[in-house]
Amino acid sequence: MSTNAIQTNTKWWNGGRSPFNVSYGKVMMWYFLMSDAFTFGAFLISYGTIRFSVNNWADPNHVFNAFPFAGHANLPLAFVSLMTFILIFSSVTMVLAVHEGHKMNRKGVEKYMVLTILGGLAFLGCQAWEWTHLITGDHAVLVNGQIEHWGTTVSKNPWGHEVMHEGAMVATPGPIAFGGYFFGITGFHGFHVFSGVIINVVMLIKTRLGHFDQRGHYEMIEKAGLYWHFVDLVWVFVFLCFYLI
Amino acid sequence: MKEFLMIALGVLVFVVIFQIAKASEYVSVLKGEAKTRKQNNKINAFFLLGFLVFGLIGVWYCNELYYGKTLFPQGSASVEGEEIDRMLLITIAITGFVFVITQALLFWFSFKYQEQDNRKALYFAHSNKLELIWTIVPAITMMVLVVFGLKAWFKITGDAPKDSIVVEVTGHQFAWEFRYPGADKVLGKKNYKLTTAKNNLGVDFDDPASHDDIHVNTTMHIPVGVPVKMVIHSQDVIHDVGLPHFRLKMDAVPGIPTTQWFTPKITTADMKKKTGNPDFTYEISCDQLCGANHFAMRGVIIVETMEEYKKWLAEQTSEYSTLFPAKVPTQNVADSAKLVTQVLPQKK
Amino acid sequence: MSSVATVHHEDVHGSHDSHHEHHHHETFISKYIFSQDHKMIAKQFLVTGIIWAIIGGLFSVIFRLQLGYPEATFPWLEDLLGHWAAGGKLKPEFYYALVTMHGTILVFFVLTAGLSGTFANFLIPLQVGARDMASPMLNMLSYWFFFLSSIIMFSSLFVQTGPASGGWTIYPPLSALGEASSGAKIGMDLWLVSMAMFIVSALLGGLNYITTILNMRTKGMSMTRLPLTVWALFFTAVLGVLSFPVLLSGAILLLFDRNLGTSFFLSDIVVAGKILPNEGGSAILFQHLFWFLGHPEVYIILLPAMGMSSEIISINSRKPIFGYMAMVGSIFAIAILAFLVWAHHMFVTGLNPFLGSVFVLLTLLIAVPSAIKVFNWLTTLWKANIRFTPGMLFAIGFVSLFISGGLTGIFLGNSALDLHLHDTYFVVAHFHIVMGVASMFGMFAGVYHWFPKMFGRFMNNTLAYIHFWVTLIGAYLIFWPMHYQGLAGMPRRYYDFSGWSSFNMFNGLNEFISFVAMIVFAAQFLFVYNFFYSMYKGRKVTDLNPWGANTLEWTTPLNPGHGNWPGEIPEVYRGAYDYAKDGKEFIPQTTPVGDDESKGH
Amino acid sequence: MSEHAVSSPEITFSPEHASGTKKIWKTFWILSIITIAELGIGLAIYNIHKGPDPSAALVLFFKGMVCILTLAKAYYIVSIFMHLGDEIRNMIMTIVVPLLLFVWFITAFLWDGNAWKNLRNTDGGSRTAPTEQVQQHAPAAVDNHEKK
């Protein structure tokens, strides 16, 4: 972990002070995020491993091609781009809130926290829509010579190969693991977003109550910010693994 | 009643020890702390040396008692296993040497440098030379072991020779089943969804390759001197094809076929003579915990001469002909009927 | 435990947090139950650990009864276990449940929580010179999550279908399918939930330990002046923080497979005549996830014992630990390698041979830092002036066991040999010696050594010596012959060997091992009795620094309250191992370096 | 209790990174552009698959591109938004070095995953694998983006 820790006698390491010039709370937050990165890492790597172990996988451009109120238009990746931008934007507002915190500007912090929370809620809303769309979807699947109608669930995957059946192209069942990993990982990420929103709401309330002004610094906002950016960071990788490749 | 006596005895022993311990504190107060401590120090240092001496004698004695019961005196029953036995001997030699030296130093130093009034500990905090020595020497030793080990590993886990006999091994709670590919030397495809009480391996009989496949339970026959390749399946949980006499094992994993191959070199009959045990059999032990009857998941391997093996194989009828006698033009129906009873899963 | 000084925790963290002011009175609840004092939390971990150790040890005695006396019946077992031992004979299902619980309890609850929970909490703030952990609140929660986890695991012992019985490694599909074994029903869910709580506890603790060591060191306590105990606990915490989350992932996926119909670890399964729809998962994937934790876990267990043994050996040899930097470096190397070698537990799962060979190489590399440590310990003893306190004896025992168990690791890490030895009694002997008994020895050493600091009283020496000798001799008698069973290919986790012509020649030995195991288990009550008796009636500590040690914990008052030092935290001027230097027996870390002093390391 | 002036070993710290919002917005635009580039590549892959003769190498190349772009995004988020770039070097190293474990973590897992595929396709080496042909030219060229 700390190759550098072994270096002697740099002034930072002599004790009596933080070697990183960072408060214990932030150090702890960073290492917590690192351990959480291993949780997500393990999920995503498991997903990758399973994908490597099967011959076919569902094509994201086919699975994720819908958009709210757009009917059956084929809009691959459009909705997930929207979600990505929402999250990036809420990250920006979060970092601006932290920035206002440094300046001890309570009003500014409040403003940007509200925007961040709204961004988080919007993202959650999008995810809820996407899940609903996938689960309630209705896709013709050829099972044992019979056409069945499936949505995408943890035990059903209608996105397999297409074969010719009675003069039309019909999908066959795809690898079941797809649904499990998709809902499992996006769900776990959504859970992080949700808890991030809760944390941000608490921070907003504490800001309004003037707790941080009394304390003389807005470090709590910074810590909440770290968590929130981490959520954004994870989404970057979820976006890569599920939607792009 | 016996239990109560035992418990009473145990409690009595404890009470005695506690009393002695308590008394020892009073004694030490009377004698003076320092003196008691010195005494204890001497006793324990002496004990440590005694532990070394008796320990090494014990190691030797244990070897005398149990070496004969390990698998080494009888030798490896497979050609590949010889490699493993050789590796094992090299490793035992190296680690044994290190073991004796380090343990001897540990206890000898403890005894030799026990606290004495006239001794002063040496201030000796570090020496890069020494550190370097005991970094490099173990590193080189390890590399030697790695090189030999991997050579054996790649040989054993490499592709089976082309002329191997293929046997499919399937584990399920709590028994082993075997399938031989028959005259076409190709195993018929399987699909676990086709599993029924009769077709309990889920063989896809639409695949013509399956029509001459032979299915037997529990006992596997293989010829001596020819490489045998096992294709290993599991139907429910993870099992493990453990072949202690051949020095091999490989997990049976549901959904992922695994494989291992070996060349048996001693027939069961020869092994009976060699070990002087008329009941000797090669056994397949399940080495991966697989449920309540894990300990009873036993398979048997009979290694026989090529002639015996061929004779045995010729006596078997294909699973297809037993299950679908109507579809097979002319077959010895009586024979097949006999086999059906065997094919059905034997519930343990 | 009168509190000489009470500092409340805002003070502990420095100025930026000290704006709210609320004084709390120390009630029984706040002092003993929901205490935020690291020393009290350490004692809570220790006592809980001892209770679990008794339970876990008892389980091993019960299943050893079955192994040692497969023909006999024990009517009292039926009184104890009810229908699981109908007629006084253990049922195989419950035998496996006991084996599983024994492993789980000892590995996680005793040797992780009980060992690093106790000593990281107790020693880190005291040895680095901090008033408490970085976050006493989270530290308290860490214990209570552990407690919750304990309660859940304990309750799983009493469910109708029995506790988890798939081995402590809970490999699916056996642990995923209720149809496959009775232990894979509700007992398994409770196991997973309990483990999730445990992971939360380990993370809260681990983050605190890391942060405290990095951020809260007193003035002058540079990283290279830290006692080796703290270094070891530091890397232990790093291992825990980075590897436990991976087990959490595995546990969550397994819970989903069990309850939500996903197919992460399941594929192509026919169980109890039922064809399951799951396809495409991989049972081996779970093993990868499990061992990514599982292997660092063995070092989580071992490193604290190494650190404490180093410390105790140095103090009682009255000699500096040899090669301090090499010791730190080897701990570091072990910690890194621990993350890279997990699949050496999986050589026979059909692992790609070439991938396996990389794991062989990395695994055997661990022998190098281990060898460095052993030789450094030996050199520390050379030309020393050794006092055999009980702590010292256990530390020496630790080194002996570490050598014995470590060397057999060279067999198992070599994949070719693992083909023969995997899952045999050789493995059982190996890991019990090297991480089971050796770590227990480290723990005993720590308890005997720091008991005066914890409770202001000494433990009884005579009892301690008897305890040591019975345990050391017993441990070797139990586990040494098991190597021979392993070399005979005898598989572990067998309920009964009588049906096997290949393995039934060791019945006499099994009986002997079981007999010794019972004696050793009984001898542990000497320790338990000694521990609780001495807490109240032991000889009182009169000297603040009874062992003549250099480290900071011995500069605190006898029963320091929350805050550790009544006045200023002492400043540190030197490393922790200046023994026998310049003709002085020992020079505490708080002594400034004199002008005439020779240069140490 | 008040007599001990608490000299907590931890000093207060002075955050220096309140430099202005310009950098933040710049990062926002960088992230947006990268995301759009990623989408472009995603659609390119889609169109390759739709085409008559999907080139596996080209798809693989594009996939490698998105991975690199994603890492770039991650770098900007961590370095600018999370202010890690402003911390002192030791701190950065303690975060980054453990993450290097992921390299072996990913390699080993995916390697073994791929090995399982081979075992499954060949039934433990007892059959020849289904030809690449079958996998590459699945009807309608839908889900055949084989990673290998």
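The letters A, B, C and D name the chains in turn, as written, and every chain counts its residues from 1.
Heads up, the rule we're going with is that a residue touches a chain if its C-beta (ideal position, glycine included) is under 8 Å from a C-beta of that chain, and two chains touch if they have at least 3 such contacts.
Treat the numbers as computed from the prediction; the structure is a model and nothing was measured.
Of all chains, the one whose Cα centroid sits at the greatest distance from that of subunit B is A. Among the chain pairings, B-C comes first (most C-beta pairs in contact).
Compare each chain's C-alpha centroid with the centroid of every protein C-alpha atom shown, and the nearest one belongs to C.
With each centre defined as the average position of its C-alpha atoms, the distance from subunit A to subunit B rounds to 46 Å. The distance from the centre of subunit C to the centre of subunit D, each centre being the mean of the chain's C-alpha atoms, comes to 35 Å.
Subunit B and subunit D have Cα centroids separated by 41 Å. Among all residues of subunit A, those that touch two or more other chains are 1-3, 5, 15-16, 18-20, 22-24, 27, 34, 41, 46, 49-50, 53-54. The set of subunit D residues that touch two or more partner chains comprises 7, 9-12, 98, 105, 109, 112-114, 116, 119-120. For subunit C, the set of residues that touch two or more other chains comprises 13, 16, 128-129, 215-219, 221, 238, 242, 279-282, 284-285, 288, 292, 325, 350.
Taken as a contact graph, with one node per protein chain and an edge wherever two chains touch, the assembly fits none of the named shapes, being neither a line, a ring, a star nor a complete graph. Each chain pair that touches appears in this list: A-C, A-D, B-C, B-D, C-D.
By the touch criterion stated above, subunit B contacts subunit D in their complex at residues 159-160, 166, 168, 186-187, 229, 231-232, 255-259.
On the subunit D side of its complex with subunit B, the touching residues are 116, 119-120, 123-127. Remark: subunit D residues 7, 9-15, 17-18, 21, 24-25, 27-28, 31-32, 35, 38-39, 41-43, 45-46, 49, 63, 66-67, 70, 73-74, 77-78, 80-83, 87-91, 93-95, 97-99, 102, 105-106, 109-110, 112-114, 116-117, 120-121, 130, 135, 138-140, 142-148 touch subunit A in the complex. The residues of subunit D lying in touch with subunit C in their complex are 1, 3-12, 98, 101, 104-105, 108-109, 111-116, 119. Residue ranges of subunit C in contact with subunit A, taken from their complex: 13, 16-17, 19, 128-129, 134-135, 138, 203, 206-208, 210-212, 214-225, 235, 238, 241-246, 248-250, 252-253, 256, 260-264, 277-282, 285, 288-289, 292, 325, 328-329, 332, 335, 571-572.
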